[in-house]
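Each structure below appears as structure tokens.
Heads up, the next two complexes both have subunit A, just with different partners, subunit B and then subunit C.
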Partner chain A sequence: MSFLRNLFKRRTKEVDITICGLASAGKTTIVRYLETGQFVETQPTMGINRGETIKVEKLEINIFDLGGQDDFRVLWPEVNENSNGVVFVVDKHDAMKFEEARLAFQEIVKSQIHEDVIVLILLHKNDIPGGMARSTFIQDFDLIDLSFKWACYETSAKTGENIFEAFRWFFDQLMEESS
Partner chain B sequence: MANALTWFYIIFSWLTVTVNIVLAGALLKNFLNKKTTGTLILFTSYLIIGISTIFGAILYTAEYFGIGIEFVGVNQTMGTVLPVGALLLIYVFTCRHILRDNEMVKSMHLIIISVLIGFILALYFLAIFGITQPDGFIFAEGQSPLWYQITKTDVPNTNLFSLTIISTTLVITAIQIYINTRIIVRAFMLSRRTDKIIRKRGLQMIGWGLVIYIVAGIILALELVIPWSVGSFAPTIFWTLRKTIFFASYVVLYLGWIMPDWFRRRLRGKTWFEMQYKTVTKQS
Partner chain C sequence: MKPLSLCLVQMGDKGLEMVSSHPKVLPKEVLNELTYKSMPMGAKAGEFASSSVGDLFYSSYIFSLPREGSRDNICAIIAVFNDMKYNIDGIRKIFSFLIKELETNTLLKLDLIEEILPNLYNGFSKGNIRIKISSVATITIDFENKTEEPIDETNVLEDDLWK
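This part shows the complex of A and B:
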């Protein structure tokens, strides 16, 4: 019996992560970068894009890329509730939408995810000079009081800056959590 | 009543139903994951095809109980018309990603083909209610050929194997060939233009899947149009071949439209992140 059990036992664990953020923040571009290691022009995501599955050691990570437009945000809670990790992408140059992004993020952490979920915040489009500084962002985005395991990186999908580092941290935490 | 051949038809039909339902289920799962209009259209089209195969399987099962003839009209009507309905949905789906027909062209296609299907459906229903002559068109002898003067007449031994089925089959086959050929040409053209391996292979699979589908459609048309002699084994060979080819085309098209994870990964190889992670882990 144990032989049969071993034979059919799954060798890998599977987790789901979601990539959220306002429209045009660069979510799909990040997913494409993880896949190809290159900057790829993308179309706006309509609804939910069940994107890539990345395998790291014995963990299979399914990436759900969520459309950021207002109409699609009603779909977020259902996906986020079953998620093991959330990546929230913010365009660091879009000051006009900063408050909207903060409210959307607070909505996620307050009512859409479980307490053991790993949260990664990406201050994106860092290849363009200027924009909000990381330290100011952490303070204004109310990250300091966050009760989740979280990290914030400044990234760029054009130059690849910090993409690997950010997701390495994120996936390592997921592996630790699921072991 | 049932003989070995009936059993063969029953088993093969339900096997086709099972595969179609599994594919429709996979597409439903895909829709629930993505919640996009495209995935909903694709799921609905496969569901319709699945339902049409169920009608076929019920017919053969009814034949086992000796009551097949009572269902032949309804089942054949559904089995013939439903796949064209599914094709219309596939057409709408491909307009989003492959054909790029504008709203005007798309509407014209949908209207004209819907009218044709409606007309064919009307003929079939007239046949079901016993107006079809065994040797001719939909009017009983001595009656006015004006459609609004049609009255129901009881014609013994009436079924759909008349001129009606031959002419409508040819129209349906022509519609299928027209729409599918347009998608095939465009899919192969786009696959040549792209360097992205997954998109290239996906488009090629759509193209080849539809080529296979058209071949199955032509076999179906021949099967219905050729006047087979009684007791000939050829219709069974055609039937089996057609079902197998339809089955293969649905699977190939499913892989092309959806690109399930395992298939995508097989085509793609390792992601950039996976390779980087491996390198870094080795170094440390």
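This part shows the complex of A and C:
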């Protein structure tokens, strides 16, 4: 039995992922959707929420949901530098904070994460009509020149739109990277 | 059980911020430190914390504040004392009761809490609180009976100026 357990353990890889983005972008709502499969109302994150460990096939995924307010961003580098994957959430309707989001994202990819980290960018709150188009966003957010393995999806944690697809891609990359 | 001051903290766009304090007797440095200490990392609505800031002691109750058209915010109501000789559990009961009553009456609003801070402070000094929160709702809390739950007199119309 212990042999089987050891064998299983060896095949199961533990990875850490961080969920970043500005305040009210929808980070915690996405984490709660992943945990429960449904939309859950949330409150602002006080610093860091250590979410449930999600088991997907051969991965045990520890989720670190980071508070998006200015004052909490000093915590990001330490968590991000130990991370195997980063999910960056952007509210596609918050045009006023787009530049701030872009700068925060550039800071992460330039100085906080290793080169083999998988990056998933979510253009979130897609259930509300309008907002920035994905193609414009990719260009304006300087994603084209990104040297990381990355993908960008338009998502909604209210309707569940593209959440599965986005994280399927993300977890597949993490599995590939850790095998 | 007279506090030195009562404070109200909320999560703002940039981080935690002090909304109001009554009376305004605390130095800026203490208020700044209190702002961050009153809501520890990972704090959730319904939690209660007690600790110290310099030579002062405080107890804070964290609660969720409904907002229209947006997600709920997270706030803390804090009582600051000169020493530790106060009934911590009594403070917890008073704060949780007050917030529950405001919520029940759909009056859980930051400006309203800010408005009743002086009444609450005076009540702490007198040993009982009677706060009129609407034309039909009054919250009464008797501090002398510290081990019992506060008395709910919501909707009691006696002595009601609005009658």
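Following the convention adopted for this analysis, the second predicted complex is superposed on the first by the 168 of 179 C-alpha atoms of A that agree within 3 Å, B and C clash if a C-alpha of one lies under 4 Å from a C-alpha of the other, contacts with A are read in each partner's own complex, and residues count from 1 in each chain.
Here, a residue touches a chain if its C-beta (ideal position, glycine included) is under 8 Å from a C-beta of that chain, and two chains touch if they have at least 3 such contacts.
Please read all numbers here as calculations on a predicted model, not as lab measurements.
Trainee: Overlay done on subunit A, so just call it for subunit B and subunit C: clash or fit.
Mentor: In the superposition, subunit B runs into subunit C.
Trainee: Between subunit B (first) and subunit C (second), which does A:Ile138 come into contact with in this model arrangement: first, second, both, or neither?
Mentor: Neither partner.
Trainee: Who touches more of subunit A, subunit B or subunit C?
Mentor: Residues of subunit A touched, subunit B against subunit C: more for B.
Trainee: Check whether A:Val15 is in contact with subunit B, with subunit C, with both or with neither, and answer first, second, both or neither.
Mentor: In the superposition, A:Val15 touches no partner, neither subunit B nor subunit C.
Trainee: Kindly classify A:Ile48 by the partners it touches after superposition: subunit B alone (first), subunit C alone (second), both, or neither?
Mentor: both
Trainee: Given the superposition on chain A, at which of 23-31, 77-85 or 95-103 does subunit B overlap subunit C?
Mentor: 95-103
Trainee: Once the two structures are fitted together, what part of subunit A is touched by subunit B and by subunit C alike?
Mentor: 46-50
Trainee: Going by the contact rule set out above, which residues of subunit C touch subunit A in the complex?
Mentor: Those residues of subunit C that touch subunit A are 11-16, 39-45, 64, 70-74.
Trainee: For subunit B, which residues count as touching subunit A in their complex?
Mentor: 30, 33-37, 261, 265, 268, 271-277, 280
Trainee: Would you tell me which residues of subunit A are touching subunit C in their complex?
Mentor: 23-24, 41-44, 46-50, 69-72
Trainee: Where on subunit A does subunit B make contact in their complex?
Mentor: 33-38, 46-50, 52-56, 62, 64, 75, 164, 167-168, 171
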